[in-house]
Structure formats: C-alpha cells, structure tokens
C-alpha cells in the first residue's frame, strides 16, 4: 500500500501516439460518462488495463454556494444547502440549521428534534438505496437499481406528504420545524419500516452471496483505516476500514443520544465491506426510526428565534454524520443578518480525494467500482 | 496543554473558547510548529477542514482556519492564523494528506499560496480563470468574461 | 401448374435437405424462410427481452406502442432506419462501413447448416459443426475492425476486449464440442460432424448427449453454456459493451442503421450458439421423453403440443383483451390485441392439420429448446453483475479450459474402454464437485 | 421445371464459380500488397482466404475448408489485425512501399508460377503405362464420396494407412516450441 502522502502528481503531459510504443496511455473518463455519477472527469494513466494513477478534475457543477451564502440572510440560505447533496437534502438542512442554532445559542425543542431524526434517517436510507442501485448498475447488475428505486419512492412519498417536496425538501427551519407532522405520519413511518425490512433482505439476496459480485468487490479499492484518517475520509468508507467512528455516537447532536443503535464496521476496507456496512447502516437507521417514532414527545416544534436573525459576532463549526460522511458547517457571523462566511465541509469532496490511492494498481473496471463505492454526489463535490 | 504551549511560545498563541468550541489563535510564524505538535503530541490525527475568511479592511486580510479532530480524545479544535494578502503559508500536506485538495480549494477561492504543496493549482474553477471568488471584493455577479468568451464561445455566462 | 404441384409433392416426399438434394429452388426458398424467420425471432426476442427483464425488475416495460408494447420493436426498427447515419470524422470510412456487414454476414451464414428438422435445414454439411464454429468466429473480425475504424479509445478497447474474449472462449467451447462429437462415434458407426447426423445419432443411441456418460455430458454442456454466453458478449460477460466502463464498447460510434445491424447480429448469434447447444446436447428437433413415453399414441399426443401452445398463447391474448381498460382510448389497442390473439389461435389451429402437424413438430421442438436458452440469456442479464476482464480470462483459461481438456480425455476413455473408465471415475467426480464449488 | 435430382453432381462445382472465386482471390491478393493501410491489407487477405476456403468446398474438401476458415480467417487473421491495429498507421502510410528489389521480386514470382505450371502439366508414366500427373490418385474416392473428413482422419491417425501421423505430430511440436519461444521473447519478466 502506498503512503498517501507520497502519491506524486501524475505526469499527464507525455503524449500517447501509439499503444505499443508507449506502453502507457492516458485516457479521459468523463465528464460525460455514465459511471461517473454526474460530471466528474477522471484522467487515468494506464498500463494496459492497470491504473498507474489518476487525477480527478472537478468543478463542472460549481455554483458558488459559499459565495451565495454571504449574500443571503441566514433564513434565505437554508434552501440552498439542499442543492448540494441533493440525494440527502434533509441531512444538509439538518447540519445547517443546527449550526445556525448553535450560533444563535438556541436549541430546537425535543419534538422537533425527534421529527428531524426520523426524516434524516429516512433520508439516509434513501441515500443508501440510491447508492446501492447505481453502484450495482456500475458493476453490471441492473436489477437492484429498480428494486431500490421502487422502495426509495416510499420515502419520497413520506417527504412529499410532510413538506410538499420530494428531493430538495427544505424540511427544517432554523430553530425547529415549520410544519407539524401530518396526521398519520407515525403510521406511515411505521408502515415504511415494516415494508422496507424484507426489501433490504431482498437486495442482499441478489448481491451479498452472488459470486460475481464477491469477485468484483472483494479486495477492490482497499484502503486502510490509517490512510482513511490521513486523507480525512469519513462515513461508511472509514467505518468499513475498521474505524468505529460515527459523529452520532462520538459527539451526539439532535437527540441521537436518546437512541440505541450500533455502528457497523468492516474489517478489510474493500468495496465489499463498504457494501456490507451500508446495508447494515440501513437496518440501524430503521432501528433509530422505530425508536424515534415510538417516543415522539409532545410539545412545540419551534424554539423562540427572532424574526430577523442577527447572531452575535463569532464563529462556529458544527458537523453531523451525513450519509456520506462528516458534513460540517463553519459559519462566521459579523452580527448582521447575513452570514459573513459559510464554509461547507463536504464529505464527498474529501472522500473523492482517496480515489487516486484506492485505484492505484487496480484495473480500469475497478475504477468504476471504486467511484461507485465512494458514494459521491457531484453537487456536493463542486458546490 | 494550552498552558504548556503558552509558556513555550509566549504571546504568539492565544487559546479561546466560544460556544463551547475551542480554538487557538496562532501567530503566522508559529503555525508549522504548532500544527506539527498538535498532530504528533496531542494526537489531532484528523484534519477535518481547512478554510479561510477574508477581512478586506484589516491589515492582515485573511484568517486561515484549520479544523482538527482527535480520534483518541474525541475532541475538536480550531487553529486560526492571520496572514496578509500575498503572504504564503507552509503546506500541511506532509502532516495530513487530506490538506491537498483543501489547500487547493483555499488557493482557488482566496489566492492564498501554500509553500511545498505538491500540485497547487485551481480545483473548482478552470485553469486560467482570473480572480478569487470568495474574496469580499469579488462581486457575486462577477465573472472572468475573457475566459468565458474564449473557452465557452458565448458573450457572457450570466 | 401441374409440373409445379408435382415438384412440390416430390419435395414433400423427399427425405433430404434441399442442399443435399442439390435443389437450388428449394434451397432458395429455405434461405428466405430462415432469413425471415430469424428476423421475426430477433424482433420477438427484442420485445420479450424488454418485457421479461421489465417484469423481473418490477416494472412494465414497453406498454405504449401497440397493445402491451407489441409494436415497440417495429417502432424501434423504423426509428433506427430513419436516424441520421453518423460516420465520425477521423474514422476509416470503408472499414467503418464494411464492419457491421461482416458481423451480420457471419451471424446469418451459420444458419445454413442449422437443422430445424431431419429435412428442415438449408443444407447438411459433412462438416456442419465445424462450419458453424468457424463462420461464427468470423464475427470477431467485424467487431475488431468496427472498433478500430471508429478511431476512438473506447471502441478500440471494447474491440480488443471482445476479440480476446471470443478467441479465448472459443478454445473451451471447441473442447466441449469435440467431447460431444466423440459421443457420436459409438457403436459400429463412424463419428460425424454433420449437424443432422449428430441429432440422428442421439435418436439412435436413445439418449440426449446431455445425459450420456453421466456426468460427462452435463459437464461438457455446462462448459459450452458458459462459453456461449461469453462468445456472444452477453451479461455477465458483456465487457466489450460494458456501459459503465466503455459507454457502448465497439459500437459506441455507430448509429442508426449500422447500429441496428450490430443489434441484429448479436441476437442472431445468440440464436446460433443456442442452436449448436440444442443440437449437440439437447437432441435437436427430437421431442422430450422419447424413451419414457414412447409409442404411436404418445407420438400423436406430442404432435398436438405445437398447436396447443399457439392456442394457449392466443387464449392469453384474449384473456388480456378482456382485461384491457374499457376506456375509448384503448379501443384500437384492444382490437389489436384481439386480432393478434386470433392470429396466434389460427396458427395453432392450422398446426392441428395432419400434414402440417407432421412437418412442424420438429421445428417446434427445436425452436422451443432454443427459446429456453434465450430465456436464460435474459435471466442472466437480470441477475448477474459483470465480470472484470481479468476474472473473465481466469474463468476461461484456468477453469473452463482445463476442465474441458480433462473432460475430453475422460470421454475418449469412456468411449473406448469402459473398464479403464472405472479407475478414472472417482477423480472425475472430484473434479466435478470442484467445478460446482467454483461456479456456485 | 425439372424434378429435383436425387443424385449426380451438385451444381456448385461449375467453372463459373471457380472463375468468380479465382478473380476474388487474385484481386484480394493484389490489394494485399498494394494497400498502404495495413488493416485494409489484412481485410483483403481475409477475403482471399475465404475465397480459398470456398475453392476447397468446390473440391469436395469441406474439412479443409472448415479448418481454413477457423484457423486462418478466424484465428490467425484476428491476431494479425490485433497487432496491426496497435501500431501506428500514420507512420506506416508515410513509408515508401516498394523497394528497389521489385525486379528480382517479379522474376521470383514468375519462376514460381512457371514451376507450378510445369508440375501441374508434367505427365509421368507409371509401370502399367497409364498416364497421370504427379498428384496421387490415392484417396480421391474420399473426395468424391464427400467423406473427406474421415479420409483425412484415417490418413493421419489410422493404424495401417496413417502415414502422416509422425509428420503431423512433429509439426505440432514445432508450433509448441514457437509459442514458448514467442512467450519468452515477448514477456518482460516471467
């Protein structure tokens, strides 16, 4: 295993006129490529089919979210965060709202926190389902995609019933929630839990013991826990490498300390372990949801926050465990209605950095598998 | 820990807490040493984030902020330093490999150079773009018209 | 007119294929029949694949064009024909133009020797199976040249992968085929390579080669069944056109009509290799259970099955006609489905006429067996992820090839000296167990 | 219309087919040596080989035809194409195609052609005084019977008439040596 610090930048200048003479070729994958999950461009340096190294070219989806934040009020910026990791919009919103709440020194009431947890965990399942479908599709199994999308639909239906939107939900407000849980919310969520449990088994039935799946994922894209930490890789990727670290446990936020759940970890840090970890995480999320639904307290859903938000001068860093890893917000306030600086610490962006290390000496086909297993969303990488 | 460093480095270091979050204000000259110590002695083995804030009215225009986390201690700390426009910082890539892209992003957005970075170039914006968008003097509608016209073949990206 | 009737009658009484009889007229008719039948089969396969795959994946598949999307393949074909034909700038125009035709020619030519029945083949060649393997291997040329002529990285890599894959799996495939051919040479007779005679030997020996020399026949069949999927570049061996890696592989730069030729070739190649498998191991046109259920009565009973099958399909159509929404918008679709059902039922009824019944039985059984393979192809595609290239090569060279060699030796031993065989059977069983372990 | 003939010569073996195939072969052969693009040459060579296979079929030698298709057109030529594709076409196109020895080449080709004609037309007298060419009449009956495959097999492997077995095995051994040699030379490390 190469030390991540010694990874040298690629020499991409050598022209490749012929295959045979050069022995190495530089191939460009993306930005319009079906397996790069959006507009990621990867420049691969190959020896035959073996990857000597690669370089990611990102920024095709750069919208300047951080700049926009400086020109909006705290409330106005809230919907923008949904557009970063658009498959886990609820998590983004949770992180932002909690960061601003911290800056304002308010705390959302318990009822709001429970509903937040339910929606966030539902969103985690949805995100993992989308990941599973597309990842399996990248490896060539086309069927799981339809299974997962069928079941993800149920989650989106709950979101739609709750706040009217399916994808970019803008579900939370600074200080709590805008909407009370609709009638039958609890029944819907409980129904979903019992509906999706056998479905997760169904996905596993298709893949977990499938021989080709094992061959394609075992020992592919291995990264050790040490390298993960050095590269700042978080989330399921870190846990699959054997580091039992989850912000929900390590530094609980949003009443996560009230729930019992395990943090699944892997051993080998390969693609298969990451798959297993994410499957287990879906089950753990269901556990959390079930506990939360049972115990939703009565009470207000909105804390007392001023109509015009002017947080005191200061700065705060708050991070949550998004489906993809540590999602952090670093907000600097200058006492005005607009944040002076909002820095988003995007898990996909940092995790993507590990792609080079994970792909070295693997085959081209594995690059696809590893991109899939990192579970990146380009909206978040580029912001 | 802070007291120890305080003794050693005197006024170059300043430990503060705001909203329960600890941060160190460190003088630019002490940055390499302090970061090295934090990583090796204090076991802040995970660099969560590296970013900057622009204060155009100050003499030292930029705050550069490292957000560090220690797995053994389960503790976060922020390290802040002030530098002037045009001043450069030593790269932290040898300490935390993750700083590679993070430093590139800071360079991309603020134009802060990091010495010893293996491949310091723009990351989110295209090569050849002029200007650093997250500086306060860069308007939200501003863009590098010349670049857009040459590379995209359109009058304006607005 | 009288001459013509006599001509037809003389043919109907003939016990030879048109090629063997040296009759150019009938051979031409057969060529056209096979060509048309094959095109219909490809169209049907297109629709079936979408529908079956869709139902495996909890969706409906094509539903808009025609009742239950029955006209979808035709609409697709029209679309492809009307599409702009793009030849990339840097492409080698002549080769780019020729490549799809090579593939199609290779895919269609093999059907010259496919035996749909003892007399229902265009011709019977002395080297039938060799001819099929040889000509179908020519399609590699088309794929390689297509990939090269596109002058683009992805097609080139796709073409290289595809040719390496096909050349490698041909070896294992050939070994499995030879083992089946060895089985034809038992008894007083010489061995044969003729497709028709291979089936006749199975009839004479009273056993399909699948079950002969148990488990050798099954192992040979298994090797062939794996290799044929790889040969036709289908999932899970569809690396040459691995969407997620190489966009579309060797035909990335092709569009419209030329692309549809590749499509046509792919599906007819699938049918062709399935025909080989059916002929060699599954008794070709022979009906199932010839030993268990023998005698004239059973023959008669089995000869009704083709008609009954079509009647059954017709009934399904009528049932679904009844289930159609009663909305006026669906009127045309309802009528269409009913008409389609009527056509199927009519075909079924015609198949009960004794003259027809006697002559379509073998074609039916052959097609039914091939259809089984087609379903397997779709099933694989719905279930399996894709192999990586090195794994694919490993399966080909390290699993299938040694197994094939051992199998060949065992078959020869068994065919020659059964007592020698007794000493070999234990290791073979062990090997078989190992193979099963590797596969599952 | 005639009744379908049950026996007799199938109509394939007519001179017209031969002339057609021969023309294809000659044109293909000329294209092979005149095309500057190596891939085009290879394709022309494949055409020639396929036409040759068809000629074998005309001679009632289906097995040889089948082997020709599988080995040459299907196997060897694919590998040829493989290699050709990987080398730079642009560079090859710039090179001068004919070197200065074309006169010698024509002379050699002419001599070879003359030799073929001479051999083909030479009539030898056997002991019984019967005239025949140098081609053996032995085994011709197999061709006519359409039993060519079995005929070749018994020439190669039969215990009594298997005269070519040793040569066959030696040739395969030679090929094996060639393969191993190629691997040794091509592989950087083993």
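First chain written, first letter: the chains are A, B, C and D, and each begins at residue 1.
Keep in mind that, in the parts below, contacts are C-beta pairs under 8 Å (C-beta built on N, C-alpha and C of every residue); 3 or more make two chains touch, one makes a residue touch a chain.
Please read all numbers here as calculations on a predicted model, not as lab measurements.
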Next on the checklist: Based on mean C-alpha positions, I'd like to know which chain lies farthest from chain A.
Outcome noted: D
Checklist entry - Counting C-beta pairs in contact, which comes out ahead: A-B or A-C? => result A-B
Checklist entry - Hey, how far is the Cα centre of chain B from the one of chain C, in Å? => result 63
Item to check | Whole-Å separation of chain centres (CA-atom averages), chain A against chain C | outcome: 45
Checklist entry - Using mean CA coordinates as chain centres, what's the chain A-chain B distance in Å? => result 24
Next on the checklist: For the complex, give me every residue of chain A touching chain C.
Outcome noted: 25, 27, 33-35, 49, 136-143, 145-147, 150, 206-207, 210-213, 215-216, 363-366, 368
Checklist entry - What residues of chain D sit close enough to touch chain C in their complex? => result 1, 3-6, 8-11, 37, 39-40, 43, 46, 62-63, 65-67, 69-70, 73-75, 77-79, 81-82, 85, 146-150
Next on the checklist: Applying the document's contact rule, which stretches of chain C touch chain D when the two form their complex?
Outcome noted: 3-4, 6-7, 10-11, 14, 16, 18, 21-26, 92, 94-95, 98, 125-127, 130-131, 133-135, 137-138, 140-141, 144-145, 148-149, 156, 159-160, 163, 167, 190, 193
Item to check | Interface residues, chain A side, partner chain B - complex | outcome: 4-5, 7-9, 58-59, 62, 64, 66-68, 70-71, 102-103, 105, 227, 229-233, 243, 245, 250-251, 314-317, 319, 326, 328, 330, 332, 340-341, 343, 345, 349-350, 352-353, 382-383
Checklist entry - Quick one: in the complex, what on chain B touches chain A? => result 18-19, 21, 45-49, 51, 53-54, 65, 67, 71, 74, 76, 78, 93-94, 96-98, 100-102, 105, 109, 118-119, 122-126, 133-134, 136, 138, 140
